[in-house]
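Below: a set of structures, written as structure tokens.
Heads up, the next two complexes both have chain A, just with different partners, chain B and then chain C.
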Partner chain A sequence: MNAPLPKRLWQWFVRSRVGRSVFRVGLPESNLERSQAMVSSFLLHLQPAKVSRHALKAGTTLGLGLISLYLFLILIGTGLLLMFYYVPSTDRAYDAMKDLQFVVSAGLVVRNMHRWAAHLMVLFVLLHLCRVFFTGAYKRPREFNWLIGTALFLLTLGLSFTGYLLPWDQLAFWAITVGTNIAGYAPVVGPRLKFLLLGGNVVGQEALIRFYALHVIVLPAVAGLLVAIHLWRVRKDGGLSRPDEPADLVEQVEQSRLPTNKTYGLMELARGTTPLVGRNPEDDVFSWPHLVFREVLLFLAVVAVVMFLAVFWNAPLEQVANPVHPPNPAKAPWYFLGLQELVSYSAFWGGVVVPGLLVAVLVLLPYLDRGRAGVGRWFARERVVANTVFALCLAAAIVLTVIGSLFRGPNWSWQVPWQPPPAAGGEP
Partner chain B sequence: MDGSMRKFYGGFTALGLLVGVLVIVAYYRDQHREWMIYQRRYLQEEVRRAATPPQRVLAERTPIQIRQILLPELGRVDRCTTCHLAVEDPSYGGYPQPLAYHPLHDQHPFDRFGCTICHRGQGRATTVAAAHGHVPHWDAPMLPLKYTEASCGQCHQAADNPAAPALARGEQVFEASGCRGCHKLGGVGGVVGPDLDKVGARRSPEWLKAHFLAPATVTPGSGMPPQKFSAPDLEAITLFMLSQTGETVPGFYASMKVIPSAAVGRRLFQQKGCIGCHSLNGQGGKIGPALDDVGLRRSPEWMVAHFRDPQAVSPGTVMPRFGFTEGEARALTDFLLHLRDQQVALSLPSLMGPVERGREVFRTYGCIGCHGPDGKGGVPNPNAKTAEQVPALTYVADGYTKAELAKRILGGQRDITPLDPKRPPPPLYMPAWGGIIKEAEVDDLVAYLFSLKPKGEDLGF
Partner chain C sequence: MSPPASEQPPSRRAFFELTFGWLAATFAVVASSVAAVKFLTPNVLYEPSLRFKAGRPGDYADGSVTFLEDERVFIVRQGNTYRCLSAICTHLGCTVNRAGAGYHCPCHGSVFNAQGQVEGGPAPRALEWFLVTLSKDNRLLVDKTERVAADKYLVL
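Now for the complex of A and B:
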């Protein structure tokens, strides 16, 4: 035994009575134990015991879904810490921000992590959505998981948007004012929706408490549940999409209704798509360590990036919210600036029709685009039309967002980017 | 485990170390905050100065920690004393900041008032730049020391405070220059320019000074006439404007507002309508005794007790209990003791004739700001048909009856006839004073305006 001391200590612990009661399998040494480790652990059993080499390649998914998940976990952790200090009251919320910055141990860095992780999560969830589109991974039998993914994308925006108000500074107040005004443009339901969101006609204490409850309980709980279903469906729908996916995979999923004129053993009920179906055994490797190690490594990398941003760049905090003194221009959060730019041309078309159509198309996409060609390959030639349309929409969204973020100055008129902000206060 | 996994160990190590280093950096920054440097310096100084071993031990054992003054009534938390530790220790007199002693705080103890209510800045902050408010997104930077006096005016009437002479002068300049003709302050004044109730919280001293001398340079398009203040007057009115923060102080602080003085007493005497029952100089009510020589009959202590609760010292008296605070009672007593000085008594508006009262009205509502001293005119109003000036009022008696003039004042004139219709309209106009100037005051004002016409010119036409 020439193993290093930490490893020997670990092995001693795992083999001890206490260690066995906790870990059951211990550090796996054989292929049997590797499978057992995955199956017997609560955290690991969400994943298959074996995965295809294709799924492990960095280029397959770029890890975008996992990164989103890790950011979500970081947000839950840092968010819980922030909840110990935050008070959702218009009198105290801003002071809590100041206290986090100036007196709470690690308060500033935790808030920074939460803020940067939130922005990154919006970005990575969007990138993940793009990846799924460009690899055609939303097609049968994964249509429903695409729907859950779309819901998670909207929930991510909702989480970020509700969190945006909580610091109760000028940035928060006016971004939410602008954002909810956009919601108010919807015909018939718009004004009511806005009233429901804000608990009134303007952003105030009622809006703050609603946004807080949505931000810390409702949306995270729903998102957490949907994330679990999302991951579970990945397994049940045959693992990650891959180019050599057998055609009978789809049938197997869809023939999961069994004749009722006989009795079944459990093994027969559990048929359908496992990640192994239709796959050459040589293509597969054990999840431990090939998948688990990669996941841990990626997690470390995400934590490192978020911490790096949090240590060196502070989250913004402007003056305390002042309902009678709007900044000019008042801007929505960055991911809604494309929308705000559209609204500046036409409230109805930009605020209602375009976003409504986009969401409708996202939801209906897997049921409209039903061909199975090109699944599991990036930018498949067979999908050139769909990919081009999607890329154009994406490019338009990016251009609009960049214009809204950088090129719009006072009164939403054109300006050169990175102008110094106008001096505070208009008329004396 | 197959060898291909060994490459991960490098990754784990590198990323683990990176995360570890970031945690250490974050922790180090957290544990080495700017304020700790100042606190250590103070404690070193305390150790150095310790005369006896127990003092030394005490100094050495003082923990490094945030010090703060919680002011829930004021909605403030002032952590200034985290660095300025010796503000209450006179033995630190003359020390350089941040360890200097703060003199003259007996009237405003730190544990009740904190620091930022007077000095401004950001009380919750614990870095020099942020605490002094010289950072983006903080609108109340520390007042330069020479303007700290402005803060007295947040609670005390400017004129009442003998310790703030420049502030009192600023108020005089404000009233005498007729600023109220166009600007409202405390709900009194015209509507041509913006309200000034919160101007002190919004504007810096530099901005204010630039604005007084040449308004259009800092507010493009402003129609405000440039003011010709002397240097001390400019400083004084800047100070007075800075004192107008619109902040109201609650409870205990409000009860401490009145600094007793004869002037405050005079104002109270006027406001509460004492003259309705009592007489001065033979004028006033007959229900209560005449007060001309009350100072000879009563002791100051008796008067204070009487004001606070008349029944307590004069059982059966019909004088109502006004609910004066201790300070107000003292102020009234001061005033009554000064009554032997005839000027004091005669300056009461209720003892004046209509013309004198009208002159006060003319002054109070800032008519002078546009119509000039004694209504002599001369204030520029670009592009007005009246020689590009606000018209003088010297001869209004010739053009109007008293009723017409009163109507003219109450109704105002929004549109001033331009000299050249192509140029921008004249910026100054006559606001409607109805609802602002009281009815009785209008009659006095008209009487005063009619008196402006030089004597002996009646036959000149």
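Now for the complex of A and C:
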């Protein structure tokens, strides 16, 4: 055998006594070993030993969920680094941001990566939600995973919102003032919720430390747990949705019917009477290397894009927070600007009723929309009504966000986009 | 297969065990939830006092409207009358600016007249007026916990 040197070195290592203790299989040579490689590794066993060609096609999911996961991992990595310098105190938080910008080696890039990955994660989680909707992948038996996905979407927004306060600059202070006052409009529990969230009546030291604790441990821990369940359920609920799903998939999954007529020595454990129910064996390929290779490649691409953004565009940092002078206009993060546009008409309708209804519809959707026609296909004709309604809601959200981001100037009055802002706001 | 339905009613001992068990479990969950919320609710606030002295009456010129930065209020003097108007927008809590005779909020464009009443924009309520009294050492004393009508003055 004339393998390249790195490969030979690797093979020598995994066959050694130490290597065997770590990697049970090593670089697989046969199909049996390819299955074993997936099942014997903690990180890989989350995925099936074999995967359908349909699932591997780029157009099936566009990799949106995986990209969201990778951005979450980048956020954990860069966030841990930032924690070594950041101090959640109103006296020192802003100085820590300046230190990261001017003093700490690579501090600026790490903070930029964290910021852009956070923005991208909001975007890609939203796109992933759209993909699942437009392919009808939330339908039976995958309803519960849609609920977990909705929770993860809200957690992503919560993570982003709590992180927004931490730089303690004008942008942070006023976005959180506006955001928590919206929470105060919620019926019955609103004022109490706002008081609990801020640990007081105004955005101050207590609010900063509460947002910090939520941002660095509470929300990431919950999100991490839900991500694990989300991925696990993808497999347990019959894998990625496909146009050619077996007719009895719902029964198989919901009754957890385990096959009784096959041994468990083979690596192809699928539910059903045979391992390859409703599918042509030729449609399946081994996850190692076909799936794993694509996943590693996508991860490298995501890291590369985030680093590129971080090197060329700096995260914003305005003047230190000043409770007396709101910037004019005071704007929330871009993904809340549609909401802020609505709130500028009515805080109760725009801040409580519309978002509350949207969340309620997202949660109830898989239980209300019960047919299984068109599952696994983009924009299926059978789902034209649902897809149109969803697309209209999405378009409304995009229009409101664009108006709030580009067409609203000082005093929240209309402006032509990309105009230089006037020199100063009004004096109190 | 569901287990065969029990023909026998539960014994007295099983009944009490079940009842007591569920009661104890419910109590434990409710009590620890209440305790957690109470723990997270601050009992002491390190915020500026809601009752504060705003200097001597003579510090304010007749017909003036003065913004106090730390307290985020306006002191309004007309002749020998004194009033105190909140500078916190009732919409989403931004600080309003003076604009002409009235007030204007930069965040979402609410407009208030000189009496604090809403003239435009999304603000749901008028700006609040606070009780102004005179302390024993002849200082204006503002109490932000006491809201008063717009036509209630301190007359000196």
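Quick notes on this structure:
Quick note on the criterion: the second predicted complex is superposed on the first by the 400 of 428 C-alpha atoms of A that agree within 3 Å, B and C clash if a C-alpha of one lies under 4 Å from a C-alpha of the other, contacts with A are read in each partner's own complex, and residues count from 1 in each chain.
The rule is short, and it goes like this: a contact is a pair of C-beta atoms (placed from the backbone, for glycine too) under 8 Å apart; a residue touches a chain by one contact, two chains touch by 3 or more.
Being a predicted model, the structure only gives us computed values, none of them experimental.
By the touch criterion defined above, A:319 reaches chain B but does not reach chain C. Once the two complexes are overlaid on the shared chain, A:46 sits clear of chain B and of chain C alike. Once chain A of one complex is fitted onto chain A of the other, the partner contacts of A:411 are limited to chain C, with no touch recorded for chain B. Contacts of A:346 after superposition: chain C is touched, whereas chain B is not reached.
Of the two partner chains, chain B is the only one touched by A:304; chain C is not.
Once chain A of one complex is fitted onto chain A of the other, the partner contacts of A:32 are absent, as it touches neither chain B nor chain C. Contact with neither chain B nor chain C is seen for A:359 once the two complexes are overlaid on the shared chain. Applying the stated touch rule to the two superposed structures, the overlap between the chain B and chain C interfaces on chain A comprises residues 425, 427-428. Within the complex formed with chain C, the chain A residues making contact are 174, 177-178, 180-182, 195-196, 199-202, 204-206, 323-330, 340, 343-348, 410-413, 425-428.
Here chain A touches chain B in the complex through residues 29, 91, 95, 98-99, 101-103, 105-106, 108-109, 169-170, 289-290, 293-294, 296-297, 300-301, 303-304, 307-308, 310-311, 317-319, 424-425, 427-428, going by the rule given at the top. On the chain C side of its complex with chain A, the touching residues are 37, 40-42, 45-47, 67, 69, 72, 87, 91-99, 104, 106-109, 121-122, 124. Contacts from chain B toward chain A in the complex involve residues 1, 5, 8, 11-12, 15-16, 18-19, 22-23, 25-27, 29-30, 66, 75, 77, 79, 122, 124-127, 130, 137-139, 193-194, 199, 202-203, 211, 219.
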